[in-house]
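To keep things clear, I will list the structure first and then write my remarks on it.
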Amino acid sequence: MDTPVSRFPVVELDDLPDDLRERIGAIAERSGFVPNIFRALGHRPAELRAFLDYHDAVMERESPLSKAERELVVVATSGANHCTYCVVAHGAILRVRSKEPELADHVGINPYGAALDPRRRAIVDLALALALDSASFSDHDLDAARDAGLTDEEIWDVGAVTALFAMSNRLAHLTALRPNPEFFGMGRQPRG
Amino acid sequence: MDTPVSRFPVVELDDLPDDLRERIGAIAERSGFVPNIFRALGHRPAELRAFLDYHDAVMERESPLSKAERELVVVATSGANHCTYCVVAHGAILRVRSKEPELADHVGINPYGAALDPRRRAIVDLALALALDSASFSDHDLDAARDAGLTDEEIWDVGAVTALFAMSNRLAHLTALRPNPEFFGMGRQPRG
Amino acid sequence: MDTPVSRFPVVELDDLPDDLRERIGAIAERSGFVPNIFRALGHRPAELRAFLDYHDAVMERESPLSKAERELVVVATSGANHCTYCVVAHGAILRVRSKEPELADHVGINPYGAALDPRRRAIVDLALALALDSASFSDHDLDAARDAGLTDEEIWDVGAVTALFAMSNRLAHLTALRPNPEFFGMGRQPRG
Amino acid sequence: MDTPVSRFPVVELDDLPDDLRERIGAIAERSGFVPNIFRALGHRPAELRAFLDYHDAVMERESPLSKAERELVVVATSGANHCTYCVVAHGAILRVRSKEPELADHVGINPYGAALDPRRRAIVDLALALALDSASFSDHDLDAARDAGLTDEEIWDVGAVTALFAMSNRLAHLTALRPNPEFFGMGRQPRG
Amino acid sequence: MDTPVSRFPVVELDDLPDDLRERIGAIAERSGFVPNIFRALGHRPAELRAFLDYHDAVMERESPLSKAERELVVVATSGANHCTYCVVAHGAILRVRSKEPELADHVGINPYGAALDPRRRAIVDLALALALDSASFSDHDLDAARDAGLTDEEIWDVGAVTALFAMSNRLAHLTALRPNPEFFGMGRQPRG
Amino acid sequence: MDTPVSRFPVVELDDLPDDLRERIGAIAERSGFVPNIFRALGHRPAELRAFLDYHDAVMERESPLSKAERELVVVATSGANHCTYCVVAHGAILRVRSKEPELADHVGINPYGAALDPRRRAIVDLALALALDSASFSDHDLDAARDAGLTDEEIWDVGAVTALFAMSNRLAHLTALRPNPEFFGMGRQPRG
């Protein structure tokens, strides 16, 4: 079935205001294509701009929480939220960043039970608690994370990534956002 | 019990970078106090800045979805997520904007069943579908909204507000954010 | 939107049998108005009479569980059940009894995560376990309450209040019972 | 395993105040034994008295909703709440009242899917909506009941029985109330 | 209401291929009737044959997990899944095997809270974890079972019975399978 | 992290009884490796044999429901159950059978919302209803499937596949079964 990129209007790189065209253009150059999230959010430039700023503030900052660990949070919570775009796109990034070609499928399909080392398990458990049952989020969740060695700075980072993708997952579900075909195979050791 | 403003460090207005101090200062002047969300996010200025930008892009833009209707979405989804800070703070704003002193309590306590006129009911139903069960969010949800007269621009706005507060609710739960005491009584016709 | 007091017929004080008119009249004198629950249940006098008796047996008895603590149970479980009438009406009573103007909003909006001292937290946890997942209610729940210092008499009282409002919440949802406007502002230190 | 009648103190008939001893005694005479619910609630005579009054007001009143239909509501909602005492005790009464020896097991084990004629199905659906998801209880639920021919008086009765057993189920779970052995076989056409 | 045995075609003993007629015939001789599950699955002989083989491999093998304990797993998980056929039919077998006439009702109605000795409680808890929330099934569940004295062979057996009836429950729900009337009273000490 | 194939003992091809060695050997020859499910179930040869028989009876029979459609049911219900082994292994088979390299990820990650043509959507909806909420499975579910053109034979097939993998998913969760690395890339058009 041929499905559209979004339920709402999408834009091309050239339709964007200068600053966004430059910014998205640089991403497109690195990956070889324009990720569909930018085409979908682009019909609201102010929202796309704020989204990119928030993303960079959280995902690109210097932190003891590695970028692969942040992608782990994205894939785990997006898997729990059944967000196809985010699992496929960030699953690809997680494969690239972790150099572990099976990790994203394990965490995206079953974030609750995936076999992970204790630090990763603590990161994912903290993220799931906040993503899925945040009303009950409590000092016990923080203590469990601290017991696994996470600092408060890392805990905030896990929380901030989780919060950002709580938003992002809902934008993808709002638009029925279709992942670019390039993401599916990226970072796999192809066997088939 | 004396509870702190946040589980993490908080800042005072004077600790903020110039642009943020000015921006938050203007808000504080209007309301008479610095809302705690800004003091909590402020220890990460880049995140606070992106948060404000996203907030303004979504909550302040020109739209046929009125500002009171946007606050209705905030209170309904924050109520469903049991987010005390957001229900109390935006409940106050909703009271002020709607001039209906009981609306926020109705929608914050029981967003599912609150008696609302058809347009408001459609707005809240759309928001709840995306906030709570976004994996199943479908064309049926959009069609129901359109049947109640919402345009696609308004539907996006409802979705964007819902998504933004999916993030915001989780930041408030991460930090166990305490509402400022001023919010509780704001916009009520005090009786007693 | 102008919503009725109840989906079913309501009565005025003068329509009630003598004993009920006297009993409700005394309440109305103290509060300055007839709480809507009595007008809604009043069209079935035998049920209203039994309701009042049960209420008094549980809520008015001499007990080491203070009346404010019993109202805490009411507001917490009614919040978990999203019962607008009970949260608004008993939130008002809790504010009056506890003299803590923010407590009812904290517990009504997020009973799961509200910051409470250990005794109150144990009371609310016990009540929520019985209100929401009573099939799994077990000796562990009682032991946790005892560990926090509750006696078996107090545990029964928490359970009896929870059970009574499991009924009460459903009667309010059955009738779509509208809280009297007087309740919303009662016991607040108005700020706004 | 030998389990006690209740987690809390129980009383014998002779321990009760006169009015209750007479009232429970009459029930015991009819059934041949004292149902354990009365022994468990009896250590709080005022609560037992109010419970009996409420029970009689709802379960014994003249109504077009037959007594077997009221027991159907009890068994269906108690089954949904996994309340062993109420399913076993009222399952026995339902078998006796309906003269259909398999009905109680069908409705107690799977209230959601049991094959029932349209009037019974509507009664059970209405009861389950109020018992399990009362925050979303809406005019649609009432309309569905009316479409199946229920009058508003019958709807109130279904609601009142559901509400009463929302309380009753929680009292039974609070006390881990053990059904009397006599109930299990009552009203069956024994085959085994 | 007269409900059919199955939503799909059913067969009589004589319609079955020789090997199945012989096998089911032997069961019918022992129980005095042909359990409806065999008549319903029989219209797909290859599936019935595989079902019987799987059943025998799991339920009839030599194991330290007694046959009554395996029936306990069946009744508990079928109760949790609200599967009327399996609760009624295997409830009967459990009564016969355990010689405890009330056990099946306790476990079938409330598997979560039924008062059981520690070994049985551990068996049921393990089964429920796998039946209801298998994504989160973890080493903690195995450790809890081991702590209660279960060997790994017994744990596998509990898991295999649970898995088999996850299938069986869904086949019964697919077909709306009606329990034979003989099952309801089997193994009870009739009292009424 | 190096995780074992199963929490329980696993076997090699040569450890199996003759008939199973031959049967699994033929599968291994076709795929180039022994799927781990057979090594894990193989330490219980009678269970493995019955599993294979059931699998073949359901998955290999002549039916208007195509083999790709049956794999669609497997991936959708295993995705809903968060079963990593089944999603990865049968996702590979679905890619091979459907020749649509993205279908398995769409359906495995979000079976509820994946954009599918009406026949596929009806198949998946029927399967999810039975997999996840089988107590409420009703004639309405069958009617919706029939409205989309499914015959009763096809409906049974969807139900039988769903039931078989309700079992299979639980066996995989019981054993924490690790997918063979070969499955992850099979049937993709590698891009990366």
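Labels for the chains are A, B, C, D, E and F, by order of writing; each one numbers its residues from 1.
What we mean here is this: a contact is a pair of C-beta atoms (placed from the backbone, for glycine too) under 8 Å apart; a residue touches a chain by one contact, two chains touch by 3 or more.
All figures in this text were calculated on a predicted structure; none of them were measured in a lab.
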- Note on the structure: By label, the chains that touch subunit A as well as subunit E are C, F
- Note on the structure: Touching both subunit A and subunit D we find B, C, E, F
- Message: Rounded to a whole Å, what is the gap between the Cα centroids of subunit E and subunit F?
- Response: 23
- Note on the structure: Cα centre of subunit A to Cα centre of subunit F, whole Å, reads 28
- Once you find the CA centre of subunit C and the CA centre of subunit F, what distance in Å lies between them? 50
- Query: Taking each chain's centre as its mean C-alpha position, how far apart are subunit B and subunit F in Å?
  - Reply: 43
- What positions in subunit D touch 2 or more of the other chains? 82-83, 110, 112-113, 135, 137, 173
- For the protein chains shown, what form does their contact graph take: line, ring, star, complete or other? other
- Item | Pairs of chains satisfying the touch condition | A-B, A-C, A-E, A-F, B-C, B-D, B-F, C-D, C-E, D-E, D-F, E-F
- Task: Using the touch rule from the top, collect the residues of subunit C that touch subunit D in their complex.
- Result: 7-8, 44, 46-47, 49-51, 53-54, 56-58, 61, 81-83, 130-131, 134-135, 137, 139, 142, 152, 156, 159-160, 162-164, 166-171, 173-174
- Item | Parts of subunit C lying in touch with subunit E, wherever the complex brings them together | 135-138
- Query: Taking the complex as given, what residues does subunit A use to touch subunit F?
  - Reply: 1, 3, 79, 82-84, 87-88, 101-102, 105-106, 108-117, 173, 176, 179, 181-182, 184-192
- Which residues, counting only subunit A, touch subunit E once they are in their complex? 110, 112-113
